[in-house]
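These notes open a run of structures that come right after.
Each of the next two complexes has chain A plus one other chain: chain B in the first, chain C in the second.
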Partner chain A sequence: MRLKIIVTLSVLAGAILAWNLHRIFLQVPDEASQGAIFRIIYFHVPAAITSFTGFYIGMFSGVGYLIRKDLRLDSIAASINEVSLAFATITICTGSIWGRIIWGIWWTWDARLTSYFVCLLIYFGYFMLRRAIDDPTTRARLSAVLSIFACVDIVLVWKSIEWFRTQHPGPVLEIRGGGGMAPGMEAPLWWNFLALLMLATALVLIRTRQEGMRREIDALRRHAHAF
Partner chain B sequence: MRFLRQTLAIAAKDLRSEIRGKEAVNASVSFALVILLLFSFAFDLEPAEIRDIAGGLLWLIFAFAGTLILNRSFARELVNDCLDALLASPVSGAQLFFGKCIANYVLIVIVECISLPVFVIFYNVVPQRLALLFLVMLLGTWGITVIGTMFSAMTVNLRLRELMLPTLIYPMLIPALIGAIELSRVLITGVPLAESLFWFRVLVAFNVIFTILALALVEIVLVG
Partner chain C sequence: MSPQNFTFMFYGFTVAWLIIIGYVISIALRERRLRQELDRVKRMVEENEQANTRRQ
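Coming up: the complex of A and B.
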């Protein structure tokens, strides 16, 4: 059943991405001031939203573990956070490429970029902590607490665009009160978001399965050592 | 009232233990002096430029030196299984945490009060509004203390805790450090404060949010 869901999600995500790539590169016109490079927004923004969504779902999964003490929830939280970290890295990389063309620099210590980088470092810390703890229940408990702390920091990241003076572009999407993107240009962005979300879900399902197997192997290993 | 009494008992115990041994404070003050020395090699600046970056330098010293105190906070309880004894005592996790927070806070403020005059003498930077700078120090230090003590509790049983603690807390502390650095810069250079008052709110919000969060979650971290 799980395999069927993974395959279905991957195929659907692939199909939407292929159709969307056709629209982005062949139908959507160049942006007036930025030229062709603006198209990177179709991956940059969906990857950012996917990573934020993932970090929050990861936190709720961690909270679920703290309430129910079910290690499967911890596996889900770890898998989601791992996939979200990958998408956050994609966001930073695509943003950096865009910055090189538009600002002429790969990186600037702008408030939002810095906050996003901080966010990445916190989640690197999350995985360092997980690797440093051998006992599965302690690992799950402390990871869940760290995840809650991290998500409070994400709120600062998310709000930083309003709080800090920044050279990062202001909100362009209609949903964030930007209204700076033509409807024909905005639609592929939301389709890409859907595709990336499906891809992320498929990856999470694969990682959760691997985590489950690892848990089983660890249990067997402990069992073998006991004799 | 009982909460406060037991919390203060934990704080007094930690402070008494530190005053007798002076392990963490001595190491922390020495480390702060070493950083002050290293900065003199790293930067060769004009007096006006030093005033501009003084806030940043000060908070780097406070954060680095503070970590040494925070690292010892729960680790000192590992000897003779004292942490297990503390957890078995009729003191809740929140009381234990808050007591340790108060003790750490006092120790870090002591280290800051020693480092600041040395910094003023070494770099010839006289803060324009000392009273307000002290208030910023108190606010920023509480942020460092709460996050640091919480993560000290989380990493106390890890093999690489000395390495893990700074790696985990510095990214977490960034909003508080940015606020404290910005306010300190303004107060040292003497430029008008009005535009930077926002950072006071950020610091207070950071402290309130993370104090509540830590008090709510510390029982899970310590006991399970």
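Coming up: the complex of A and C.
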């Protein structure tokens, strides 16, 4: 059943991404002031929203572990956070390439970029912490607490373009209170978000199964050492 | 529009896809390693159990 869901989600995500690539390159016109480079938005923003969504679900799974002490919830949290970190890396890399053309620089320490970079560092720290702790319950507890702190930073990342007027542009999409995009330009962005979300879900399902295998290995090892 | 604009758009999309593909490959490699480890540990447990039965 799980395999069927993974395959279905992956195929659907692949089909939407392929169809969207066609639209982005052949149907969507160049943006008036930015030219072709603006098309990076179709990966940059959906990857960012996917990562934020994932980090929050990961945090809630961590909180679930703190309440119910079920290690499966910790595995789910770790799987979601890892996949979200991959999408956050996409966001920061594509943003940097975009900035090189539009701002003339690869990187600047503005509010949005810095808070997002801090978020990435916290999640890299999250996985270093998980590797460093052998005891599963201590690992799960500390990971959950760290992901709560990380999600406080995500609020700052999300609101930074409203609170601070620095290098990164303010809200563009209408749902964020921005002016919106021209008709026909915004739809591929939301389709890409849907595709990335489906891809992320498929990857989380695979990673969760792997975390289950890891737990099984640990349990068998303990069993073997008990002899 | 400068050709650099188009080139960097290409870089952006390439980087995004490379990160996704790289991550999928890393997951696939981990899957294989975990399966091998699981088989090894299961064999080890079976051998331990057999040795324990013989001793008894």
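Simple rule for what comes next: the second predicted complex is superposed on the first by the 226 of 227 C-alpha atoms of A that agree within 3 Å, B and C clash if a C-alpha of one lies under 4 Å from a C-alpha of the other, contacts with A are read in each partner's own complex, and residues count from 1 in each chain.
In this section, a residue touches a chain if its C-beta (ideal position, glycine included) is under 8 Å from a C-beta of that chain, and two chains touch if they have at least 3 such contacts.
Here the structure is a predicted model, which means the values were calculated and not measured.
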| item | value |
| --- | --- |
| Contacts of A:Ala86 with chain B and chain C, given as first, second, both or neither | second |
| First, second, both or neither for A:Met128, with chain B first and chain C second | first |
| First (chain B), second (chain C), both or neither touched by A:Ile101 | second |
| First, second, both or neither for A:Thr137, with chain B first and chain C second | first |
| First (chain B), second (chain C), both or neither touched by A:Leu66 | first |
| Which superposed partner A:Gln27 touches (first chain B, second chain C, both, neither) | neither |
| Partner chain in contact with A:Leu146 - chain B first, chain C second, else both or neither | first |
| Touching partner for A:Thr8 - first (chain B), second (chain C), both, neither | neither |
| Chain B or chain C, by number of chain A residues touched | C |
| Footprint of chain A on chain C - complex, ascending | 1-2, 4-6, 8-9, 11-13, 15-16, 19-20, 23-24, 27, 30-31, 34-35, 37-38, 41-42, 44-45, 48-49, 51-52 |
| Touching residues on chain B, where the partner in the complex is chain A | 147, 150, 154-155, 157-160, 164, 167-168, 171-172, 174-175, 198, 202, 209-210, 213, 217, 220-221, 224 |
| Parts of chain A lying in touch with chain C, wherever the complex brings them together | 30, 34-37, 39-40, 43-44, 47, 83, 86, 89-90, 93-94, 97-98, 100-101, 199, 203, 206-207, 210, 213-214, 216-217, 220-221, 223-224, 227 |
| Residues on chain A engaged by chain B in the complex (per definition of touch) | 66, 114-115, 118, 121-122, 125, 128-129, 132-133, 137-138, 141-142, 144-146, 148-149, 152-153, 156, 163 |
